[in-house]
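See the structures that follow.
Paired with chain B in one complex and with chain C in the other, chain A is shared by the two complexes that follow.
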Partner chain A sequence: MDSLIAPFLNGTADGALLLIAALGLALTFGQMGVINMAHGEFLLAGAVCAFWTQQVVASTDVSILVALPVAFVVAGLLGLVLEATILQWMYDRPLDTLLATVGVSLALQQIFLQNYPSGVPVEKPSLLDGQIDVLGYAWPLRQVFTIVLAVACLAALGALLKYSSFGRRIRATVQNRALAETLGVATRSVDRMTFFIGSGLAGIGGVAASLIGGTNSQMGTRYIILAFLVVVAGGLGQLRGTVIAAWTVGVVTAYLADWTTGSLAQVITFVLVVVFLQVRPNGLFTVRTRGLA
Partner chain B sequence: MSTPTDVESPFLPVAATPTDRRRLPRSSPRLSRDTVSLIGIGVFAVLMLLVAPAVLSDFRLNNLGKYACWAMVAVGIGLAWGRGGMLVLGQGVYFALGAYAMAMHLTLETAGPDAIPVFMILYDPLAPLPGFWEPFRSGAFTLLAVVGAPVLLAGTLGYAIFKRRVKGAYFAILSQALAVALAYLIGGTIKLTGGDTGLSDFKYFFGYDLSDPINKRMIYSITAGLLVLCLLVVWQLYRSRFGELLVATRDAEERVRFLGHDPANIKLVAYVTAAVMASIGGALFVPIAGIISPKEIGAAASIFLIAGAAFGGRATLFGPVLGALLLGYGRSSLSEQWENGWIYVLALMFILVTLLAPEGVASIPRRAAGLLGSLRRPTESRPPRNTAAKETKS
Partner chain C sequence: MRNHTTIRRRAFAAASVLVFTLTTAACGGAKATDDDDKPAAKPAESCVDVSGDTVKLGFVNSLTGAMAISEKTVSSVLGMAAEEINASGGIMGKKIEPVQEDGATDWPTFAEKTEKLLTDDCVAAVFGGWTSSSRKAMKPVVEKHNGLLFYPVQYEGLEASKNIYYTGATTNQQILPAMEFLKAEGVKTLFLAGSDYVFPRTANAIIKLYAAELGIEIVGEEYVPLDKDDWTTQVSKIVKAKPDFIFNTINGSSNVGFVKAYTDAGLKAETTPIISVSIAEEEAPNMGASVEGQYAAWNYFQSVESPANEKFIKDWVAYDGPSDVTSDPMEAAYISLYLYKAMVEKAGSFDVDKINEAADGVSFDAPEGKVVIDGENHHISKPGLIGKINADNQFDVVWSSDAPIEPDPFLKGYDWFPESTRDALVKAAG
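Presenting the complex of A and B:
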């Protein structure tokens, strides 16, 4: 029983972490069509923020709560700078955004590596040290925290997109930029805000990731490709596919890791997602468009 | 909009802008573009095969051989990405196929007949040789695998992907994911493939002692010769009807389909050719560098492989080769003196090239000329933008 429950719960937590990373991508890639390979390094920035706030705020419990908004803003600002300096010139050529942000990602990784060669040692909050008993498996509270965080991010983002007037402006801009402009939507500032929020979510993901595993300069790379696959497999332009895909990938990888080895599990997951995309190239759910492609 | 139209395509009447028409009569009356390119390849061959071995020390020549391996991959990338529009972010996969095939053979040759490789003895002295290693005792099989394995893998993958009309960013992410997965796989199977430490300490190359510098020089010559051969292959492809169809597919896939061609087949040929070039480059990389590990094939390595093509000008004949050679040289000379600086230079190169010269450094003179021309004729109206191509491309 334990061997069935444990991977499920661990996998759900991994999936939640993946979801936070993928939510940001769902915004910047799914909505704006920008392929931001530096998104993974924004996660790193979030982890660094968690470390910094711990230097300032003594209590590990309080610092993690402070770190969340700080990381959101810092990563978001990084995203804004990226958008303003590089990406805004490339909205009509998505493949070039990929190449340019690969450069940014290389540079950010190297900066991290030079400042923190062995990663940032984020202390785990004492409040989250415990475990709760789920059908005989002692589930670490830290994982529960990740899931709560992911659900909160998802709810906030979903509500923002669906109910707020800013969300309506985002959707309007994505669906028909020219018409949105004629109706008085300042599409450029919508672009910037969308990018800010998407990148900020990566910062929050970084804080969560720093609680679960160690942080090193390769952390971003580890998440980014899987997160992209999750967004693509879920289907662009909506969030529920991303949620299902992230959770499935998390759980399946956990079971596979239980049955085989960690690295083999990752390989099999990758291959499974690629095969899935063969069957459904547009992902789980498709927003129908009239585009030729 | 990045549509380099230096090949005149009959399928794209809209793309034939006034700039192109102006350029046509200017090209030399006696020598066609193809002939000039062929002479260029000849000059390149003389430089690589005669001049370089004469002036460079053993060490430098060996390094140049390493860059030539990367350049071979870059030539394929130029074909697939520059002309075919497929952003192959995971050429490390095919590099790895060739490299590991060769490395397995060299490891077995070093171990001697009926012996198992040293690294396997470290884990379990009594373990039998894994079944998939056994055929690599034969040199002929290894050479066959270096060419055959990428054909099989790229053929199957490419067929599945292109028939499903997966393209653009999706294709790029998928191919990168495969490179990452393969690097994980090799890193995780330490008892079978040497894991993250990789395979190294090769003593013999098809019977030739690798510690002898003259044999290393021979391997360099083989590499340089194959690089020139790769150039000749793409030169022929670019001037053929296939080359025109490939560019047409890149710029307006839907139109090519409407005209009765299957874009999937066209792309497949370019993709498989690129894969074979990457594999051969990988195979020769092993005896030259003396080591192969997942570090040489993962996401970062695959990105380095395309960097040369991006830098030099992906759609040109010589851009990828020269770009890759230059970046290879930059990588080893910069990281010798200024260890961390190299990454920043590479990062900056990616940003600046995509931002300012998306068609690579090779396009800068042409762009500058175009800019000067339009300054001289300020009244000339801008050509209409090719919107159809833009739609299908994303």
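Presenting the complex of A and C:
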């Protein structure tokens, strides 16, 4: 039994982390149409925050909780700076945002390499040292933590978009910027705030990712491609598809890795997503708008 | 007014292009240069000039990129050895003038920098490299120009070049002793975990053959790409297989992911210990979780007791290096410079062919003990050591070979290693 349950639970946890990384992209790419390749480095910034707080706060359990809001704000601010300095002039040119942010991404990686004590990882919090028994499989608490975090991020973002007036302004701006402006929505400040939240989510993803492995300059790159694929496969402009796509990719990769090898699983997953996009180029769900497309 | 569907469609097209570019770039980066592997018909005339009172030596180490953590230390210790040698009169009275180049964790860069050192800077020898991929990239270059490369890291063996000296361990000096140790411990079942590239794949092919010979059952074998840290799925397979021991050939920061997943899953050194070939004194405190009680196979530990090691540690602590601990690859780099000096002085010349003629039997009282160069395969004899990590992240030696082990890179002295497998592995390793 545990041969079937283990990949399912592992994959769900992997999918949860992917979801946190992809949620931010769903906002900045899915809603705003900005291709931010530096999103992965915002995730890296989150991991660095987890490391910093661990240097300041002695208890690993407390430090990880402190790291979450710190990482959100730091990554969010990085996003704000990027938006204000580069992206705001490129909202009509997605391909240019791609090139510009790849440059930013490389620059951030180099800054990291120059300043981070190389090879020093984030210590695992002692609270997450245990496992819980699920049908005979000792499920690591670290994975449970990742899933809880992902659900919390999703719920908070979903509620914000759906119920708050700020969320309504975001949706209005996305659906029809000109009309929103004529109705008195300050679309520029909506852009900035959306970008702040989207980037901040990457920071939280970084904290969760720092618990899995080492903290290194390639960390963001590892997640960014899959996160983009997840957002595209889920369908742009809404969260439901992103959730399903992230979870599916996580679980399918885990089963494939269980049946074949880790390397092969990665390849097959990529192929499957690409094939899926051939069949459904617009992803799982598409939002119908009244835009004069 | 904006047209959002178009923007999205364009955004999607852009993302596809990008994914493709990144993937190709990533794959390209890992490939060694396909320079002509055949030896050049006639090597270029050497431009090395030692008529003055200095001799130029080239150091190629990754000072940037993912491997910088390990290779910066090697670069530092090479610098320290050069200063020491200069302080005691240099090589044949000539002071060493080091020329440092950055390999940047990029294998083609290693080849380019080596070429530059040999042809532009006209260095008498090159020291450096860490990953097997970097060595394989430099090999055709030193062979083409009939230069010399000193490579200081343990590797998968099955290689010998008249232009390379290997001062780290080959398979029969690290991996085979580790297996003998496991046999002595009464290990019945073994799980193999490695990074997905040439060293772990070759090492595990050899481990499987030797395990069959020793009566140890391999109950699983898992690989994860070097650039991926998540070991969760693979570790849950280890939990299921319940092996007596895990043989770890993972490299770099992927080790952190492995150790974290291992502790996540509740595995412990008392019940499912790990023996590693790439976790040394520098890495042990930086695994993100405790590795106390785990094992490692090397040929040198900081804890080795010898007058030469005492001096080495004292000098290193006094030297302005990136850390205060010493480790096996550092020591191998340190001794490579001293061995070069001894070889040159025996040959009475900086000429590569004369050095090669004089190489056999050249020895040095290294921190690990006395090492001797084998003139045939250009490797050195080394003691095989197994250490157990203690609470201070130092290694207590729990097993050692009776005497220094003679290097046998092609495992010709082991009849369980069939000729056909050797040929296949040499071919696969390119």
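Methods note: the second predicted complex is superposed on the first by the 284 of 293 C-alpha atoms of A that agree within 3 Å, B and C clash if a C-alpha of one lies under 4 Å from a C-alpha of the other, contacts with A are read in each partner's own complex, and residues count from 1 in each chain.
Here, a residue touches a chain if its C-beta (ideal position, glycine included) is under 8 Å from a C-beta of that chain, and two chains touch if they have at least 3 such contacts.
Here the structure is a predicted model, which is why all the values come from computation and not from measurement.
Q: For the overlay on chain A, clash or fit between chain B and chain C?
A: clash
Q: With the two structures laid over each other on chain A, which partner does A:P140 touch: chain B (first), chain C (second), both, or neither?
A: After superposition on chain A, A:P140 lies in contact with chain C alone.
Q: Just chain B (first), just chain C (second), both, or neither: which does A:A100 touch?
A: first
Q: Quick one: name whichever of chain B and chain C touches more residues of chain A.
A: C
Q: Once the structures are superposed on A, label A:R192 by its partner contacts, choosing first (chain B), second (chain C), both or neither.
A: Neither: A:R192 stays clear of chain B and chain C.
Q: Once the structures are superposed on A, label A:R168 by its partner contacts, choosing first (chain B), second (chain C), both or neither.
A: neither
Q: For A:M90, is the partner it touches chain B (first), chain C (second), both, or none of the two (neither)?
A: First partner only, chain B.
Q: Once the shared chain is lined up, is A:I212 touching chain B (first), chain C (second), both, or neither of them?
A: It touches chain C, and chain B stays clear.
Q: Quick check for you: in the superposed arrangement, does A:S263 touch first (chain B), second (chain C), both or neither?
A: Both partners, chain B and chain C.
Q: Applying the touch criterion given at the start, work out whether A:V271 contacts chain B, chain C, both or neither, answering first, second, both or neither.
A: In the superposed model, A:V271 contacts chain B only, not chain C.
Q: Is there a shared patch on chain A that both chain B and chain C touch, and which residues make it up?
A: Shared contact residues on chain A (touching chain B in one complex, chain C in the other): 29, 33, 35, 92, 94-95, 98, 102, 110, 113, 221, 225, 228-229, 232, 261-263, 266, 281, 291-293.
Q: Considering the complex alone, what residue numbers of chain B touch chain A?
A: Of all residues in chain B, those touching chain A are 1-2, 87, 89, 160-161, 164-170, 172-174, 176-178, 180-182, 184-185, 187-189, 254, 299-300, 303, 310, 340, 343-344, 346-351, 353-355, 358, 390-394.
Q: With touch defined as at the start, can you tell me which chain A residues reach chain B in the complex?
A: Answer in residue numbers: 29, 33, 35, 86, 89-90, 92-96, 98-100, 102-107, 109-110, 113-114, 221, 225-226, 228-229, 232, 261-264, 266-267, 270-271, 273-274, 277-278, 281, 291-293.
Q: Show me the residue ranges of chain A that touch chain C in the complex, using the header's touch definition.
A: 2-3, 6-7, 10-11, 13-14, 29, 33, 35, 37, 92, 94-95, 98, 102, 110, 113, 118-124, 128-131, 137-138, 140-143, 174-178, 211-214, 216-219, 221-222, 225, 228-229, 232, 236-237, 254, 257-258, 261-263, 265-266, 281, 289, 291-293
Q: Where on chain C does chain A make contact in their complex?
A: 1-8, 10-12, 14-15, 18-19, 22-23, 64-66, 68-70, 72, 196, 222-225, 227-234, 236-237, 239-240, 253-257, 260-261, 263-266, 282-283, 286-289
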